[in-house]
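So that you can tell them apart, the chains are marked A, B, C, D, E, F, G and H in the order they are listed, and the count of residues begins at 1 in each.
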Amino acid sequence: MEQQAITDLLYIAAFTLGGLGFGFGPLLIVYFFAPRRNRNIINKTGIPIECGMYTIGPAWIRYGIVYYLYALMFLAFDVDVLFLFPVAMAYNDVQGLRPFIEIVLFVGILSLAVVYAWKKGVFKWEPKVYQG
Amino acid sequence: MSGYFSYLLNGIKSLAIGLKITNKEFLTRPITLQYPHESVKMAPRYRGHIELLMDSETGTHTCISCGMCQKGCPSNCITVKSKKVPGVKGKVLTAYILDFTTCSLCGQCVENCKPAAIDFSNEYNLASTRKEDFVFDLLQKLHPEGVPEPKVDPALLKKEQEKIEAAAKAAAEKKEAAAKAATEKEGEGGEKAEGKS
Amino acid sequence: MLASEGLPPQKEVVEEVQAAEEGEVDPKAKKKEEEKPRENGLLETDYAKRGFHLDVQVNPDQVVRSAEILDSEGMTMEMVTGVDWLKDGQFEIVYDYSFTGGELFRVVVRCRVDREKPDVPTISEVFGGANWHERETWELFGINFVGHPQLERFLLPDDCDYYPLRKDFKL
Amino acid sequence: MDELIRILSYFVGIAAFLGLNLAYLGWVERKGAGHIQRRIGPKDVGPYGLLQPLADGLKLMSKQLVVPDNADRLLYMSAPVLAMVATVILFVTIPWGENLVPREFDYGLIMIFAVASAAGLSILLGGWASGNKYSLIAGTRAVSQSVAFEIPMLITAITIVMITGTMNLNEIIRSQSGMFWNWNVFALDKSILMPISFLVFFVCSMAEINRAPFDLGEAESELVAGYITEYGGMGFGLFMMAEYGNMMIGASLTTILFLGGWQCPFGLFPGPHWFLLKMYFLIWTIVWIRWTYPRTTLWGLLNLSWKYLIPFSLVNLLVTALFIKVF
Amino acid sequence: MTLLAQSQLQETFELNIGPQHPATHGVLRVKVIMDGEYIVKAEPVLGYIHRMHEKMGENRTWNQFWPNLGRLDYLSAIAYNHGYAGLLERAMGIEVPERAEYIRVITVELNRLQSHLLWFGAFILDLGGFTPLMYAFDEREQILDLLESVTGSRLTYCYFRFGGVYNDVDDDFITGTRAFIKRLRPQIPMYHDLVTKNVILMERLVDIGHISADMCRKYGATGPVLRGSGVNFDIRKNEPYSVYPELDFDVPVYHECDSMARYMVRMDEMEQSMRIIEQALDKMPDGPVKAEKAPKILKPPKGDYHFAVEAARGTFSMRTVSDATNTSYRMRLRSPTYSNLSLFEEASRGMLLSDALAFMGSLDLVIPEMDR
Amino acid sequence: MLMLSSQLNTYLVIGAILFGFGVFGLVRRPSLIGMLIAAELVLCGASINFMAFSHFLAPDPTTGQIITLFIMAIAAAEAAIAMSIVIAVYRNYKSIETEDLVELNG
Amino acid sequence: MGTESISGIETSVPSSIVQFHMLDQLRALARANSLWPMTFGLACCAIEMMSAGAARFDLSRFGAEVFRPSPRQADLMIVAGTVNKKMLEPVKILYDQMTEPKWVIAMGNCAISGGPFKFKGQYNVIEGVDSFLPVDVYVPGCPPRPEALIEGILELEEKITGTRRWPRVKPETAVKG
Amino acid sequence: MNPSLFSPEGLAGLIFLILIAVTMFGAVVATCSKRLIRSVTGLAICFVGVAGLYYFLNSPFVAMMQLLIYVGAVCVTLAFAIMLAEPNEAKVARKITGLSGGLAALCGGAMAYALGYAAVHGEWMAAATKINDGSVKTIGVNLLTQYSMVFELVSIVLLVAIIGSLVLARQGRDEE
């Protein structure tokens, strides 16, 4: 490894350590300074907060299909986009219109995903009908 | 497509207007009234807890211990204690206990009071670590340095004494006639506390 | 138009509702206020004095029908409530209807049930809003609305077993 | 060895700066909110309420940390630390001045994105570990939101990389030297859509750090306190500090990419003061926006990203590519 | 698909919203069954602030019941006072002096203004905007000052009496009110600029929370909720009481049936209230403020009585059964939000959670009034 | 010890161990998502090898990097599809445990 | 009467590992100046609580405007309104869920004693939250003016730190002019 | 040559060791923890370590990508999937300790040993010269010229992946 890369690494490591200090330091202080006990009436300090009621059902619920769809799209998109980084760096170095065409193609294909999702109504959040 | 863009443009414009308004407010002076440093004067009709009014003529309250306030109060927070003092017309107020912690400031007591002896005070910033602090004896509040003795009207006193004497005389006559138990009757007209409801 | 559908005792009611709507004076209306629980029937009241125009007393089994009729007239259910007539040994269930579509017109429908067996059919099928009102009345008086989808504790804690608005209620 | 001393001194400097900022940004926010709302804001704790952050900090530090019964203890405790660590690491490559930079990384830009995206996980974990439905929902929301806005942000950043041909933040700033029309935000000669992409980037950075009006993760009126519902005392404090830290990062990044970093608008005396000026202006804007708008809904937000920002940034990318090749 | 089958297939879970929740403005609890972000069923649970008002009506004398009226709907307490005063005046046939009626109308409308202002602020707070609340409160404080100078209290007014009002207003109040109205007038367009036209708010309100007029009728919804559904119904117009017939005002009606319509109804109502106040101030005659002949001990004749007023949230009506004693035999209070909320369960089905909460805010709930 | 970073073998061994962990997880995990996680580990081990070879041995170090990038892309695509399948399976069978699926099928 | 009547609940904040006099003082000072109330409005008094936080009275001057919706982050529970039997359990749970240090202000007559709803034979109202919560400060009124709530918070600060930094205000009545 | 611990090289070596530890720790957590969400956390930790290793292999860009894609995207999506499929792992944690665990350990161990053996004992020949420095720019140039086909292909693959996964995930929902 080159000297420069090592120095970079040292900086990152130092700041990571520092970050850990920033994170754990206060918690350590809390350990020493905070009251040890909690005054309570019916010994319910630890129950999950649900507006003063007891939770109904398990706390770890099955949740988030819509977000999951977005996350899936994000996952693929993210990877796609990241390929553009090296291309963008080299964009000026490659002569001619070829890079432009490449990018247009790439982005074009990429946007098809958005178009598809749009068409398919992934972005639609309409009220649903539940019969009660 | 044009809807897409015009919606966007209008949206951005509305957001900009919002920012402009808050910016204007940011630059104007705050309206805060810094309470412990400065305070408002209470409106004359402000309803704090009730208090006995000082009558400038007599130097004390004008309550006649009629108990109307106590009867009319929806929350039963008033207790009027009075006693009969020789030489004073009517009953004399010995304690006017207000349990402010249940009062709803409805004004029934003030309305019911014929001689207008009570009114709302301007106490608006009560707070304490003990709740007993809010059971006031209004009489003591009116006269913090001691309740003055009721003014004795000599004429009335004389009349009363005469009455008592007459009663005593009658009683004595009766005593002669009847058994010893009658002597207790003389105590009548003495101390008599208004019962709590 | 509804008259033909109505049950015999209700027929009268129907006609009169319609008659009153049209502003005619009903000849059969009784004027006097009774000492005893009054008879079933229709009563035109003085709005200025009482705050409603028409006062109907029905049997418990006619409650739903009356609600349906009033519903078809476009009236709104305003509230349902109970009154405990302890000395008569009866509960009275009072339904307030009003007409919000135009000139205001208020109808009160009452019905009396026995205190021992306070069963009355629910009108929550007709007026969704009656659901809560009936539930509350059940809770505070113990009047049982037969067919109500959810007679559970509503305003009071789940574990309480008293009917606080009954006249003989003492904690 | 010199290098180690340099590291240490920079770290201490940054830590002090960061600490001060994290504390006083809260004060600025509260004070600013106060004045926007016709009131004064913190005032009686120290002169102008300046001791308020200290009081708050000390209070939080002396506040009990309760781990809920059915929380995942380990993850619950580590999530706020993780958030904080990610925030602190980000500061390693922010160029405050031409020479006032802890370390110039060649890949500084992408490193910021990388670490920030890792931080998103901490919110999810925090929300999940709390063992509370609100936290879980809010964590999911917050993450899917920052995830959704990462893409337009990345694409916009790619545009800048395309223009400048580097991912070194200091290089990017250097390429914007001169008068202010050389700043990327006004660089209409590089791409006609540049001001718009500045807006896109700024909005994204706001959404990325879950700031109002995009603060769905903490949507009080829906989910109590969002993913920090179960965090009391310092856990909450750490998340808050991380948020302010991220706010600084977001503002700095926008400054670097679009507003010429430490460049002076008139090409004179560049220096850290310009950087701070711009950064604080942006931070103030974020605060200002927070106290002006109602909160968006989740779908509004996701759709804003997918229907508006991503198409715009893609178009911008293409336009920029065209401009570079044609002009 | 039926609900049951769906819930087996989908990822549903139950969530408590309330009683201690920032969005419910008090201690309402909504038990929600959710399917992801969608609400399958939202069932309001009341009773967390049930305060036995109806029972107290049977225990207290007619006069002693006054303070309760101020605490039912503490945001438009004066309207409730009006309802009670009207009820017994109807039962006993008490004539109210005209000046008293004007004072009543002025105070009621001021009260309505402050209620709507507070609702406005709190509603935007629900939607996540904090600043409008502060502006609204600033405006509201002015009203409270005015009302305090007349009634003595800021919130839980106990100001009306049978046959009049507790005390007369003075000139300061009249000039103060005029000045205040002058001040508030330009504020409302400002609110529209800051809030109503804001695209985020539009997104959140337009076409959200649809309530049809028929649904309102079935559930007995009244007030701005009903008027937001396109029904022109206002007790002040349809069942005139007090001196409202002499005053010229419009009833704002919107036909969109969504949250925005309800919002706009209230905003427009503020303007109308200002109009009413101005006219009433102009028309207010001199004279006594309390009926001379009002009896001290009240014993309304046997029978039941009904009186309705338009409070800030809709029709507040009282029904009392008197047995000719000095207490009521049965006191029934019909609170508007009780009926308004009862349609929530049906209307919110299938909504997104955030929309449902915005919708709930647009119903303008005051929980203690609902629970009574 | 401190010079481990400049030896090819270190990386290869790490890659192998990760790979081993991946296989271990694949076999051991009862649920599909767990297996997916393990599969990611396997891919990761492979990528490390690629990178190491390209760094130490290949004449053109970019090749390895590009291939690793492709692996990432493919892995992401694979993960997306796999997870969707898992979800779809779950929705149909109410379980993500492999055994249950076998039972359901047979 | 007062807090002593609740068995098993002490009124002072439990101590920490590290204890020095100076430190305690500093800590108390910090706590007193950063009292974050919980968003917990019950009834009419809650509106006055909101008013106290609003522009005119501005609780934020004392650093107490940060209304936290989650009990874990709150220091101060302002019981603003009537607690009834159904609400009793939630209030207890919420109190338990708050993290130390925590304080309670009973705002309004209802919270202090049941207020206007206290009558013989009532069936639903808790007559005073001090029967189950260790109340630190009582603010009477129905509703108390926002100033009174501010006064209550200042009183609480005094209780925490032992000294009062603010002047006491004597009520004055405006003279009609 | 063994540099002193406090020279930059030495520290870097130390960091390398730490990274290996982190990677291994992450892998252990990912494979052995009972709760799936912890596995994801372990996976994330492992990826962070691997990213560090990439850094040591002189390709910081790939390291960053590793963070962005794996930690920032794959792990998040995995976590979402877990929430959707089996948030309550209690069901999953059952009778895995016994036979299957041993078998798994055997498999994994054998695999690792075989590969590791091959790696350590293999004859690897380093190329004499490097034709470029492997920087991002070169990667970009290569992507635009030599590998341009692949570049486009990636986007197509991902497009198909998006569409496919959307179709799959939405199956049985909305479209009945």
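Following the convention adopted for this analysis, contacts are C-beta pairs under 8 Å (C-beta built on N, C-alpha and C of every residue); 3 or more make two chains touch, one makes a residue touch a chain.
Here the structure is a predicted model, which is why all the values come from computation and not from measurement.
Between subunit C and subunit D, the least number of touch steps comes to 2.
Ranked by separation of Cα centres from subunit D, the top chain is C. When chain pairs are compared by contacting C-beta pairs, F-H ranks highest. In this assembly, the C-alpha centroid of subunit A lies 21 Å from the C-alpha centroid of subunit F. Between the Cα centres of subunit A and subunit D there is a gap of 14 Å.
Rounded to a whole number, the gap between the C-alpha centres of subunit G and subunit H is 53 angstrom.
The mean-CA centres of subunit E and subunit H are about 60 angstrom from one another, to the nearest whole unit. Residues of subunit H in contact with two or more other chains: 8-9, 12, 56, 58, 60-61, 65, 68-69, 72-74, 76-77, 80-81, 83-85, 136, 138-139, 143, 154, 158, 161-162, 165-166, 169, 172-173. Subunit E has residues 1, 9, 11, 13, 15, 19-22, 37, 47, 50, 52, 55, 60, 67, 71, 131, 134-135, 138, 156, 194-195, 198, 200, 346, 352, 355 in contact with two or more other chains. Those residues of subunit F in touch with two or more other chains are numbered 5, 69, 72-73, 76-77, 79-80, 83-84, 87, 91. Residues 31-45, 47, 49, 51-54 of subunit A are the ones that touch subunit G when the two sit in their complex. Of all residues in subunit C, those touching subunit E in their complex are 33, 48-52, 71, 74-79, 81, 83-84, 94, 96, 98, 100-104, 106, 108, 127-129, 131-133, 140, 153-157, 164-165. Across the complex, subunit A is touched by residues 1-3, 6, 11, 13-21, 29, 31, 35-38, 40-41, 346, 349-352, 355 of subunit E.
Subunit G meets subunit E in the complex at residues 38-44, 46-48, 50-51, 54-56, 69, 71, 81-82, 84, 86-87, 90, 94, 116-117, 119, 121-125, 142-143, 145, 176. Partner subunit A is touched in their complex by these residues of subunit F: 5-6, 69, 72-73, 76-77, 79-80, 83-84, 87.
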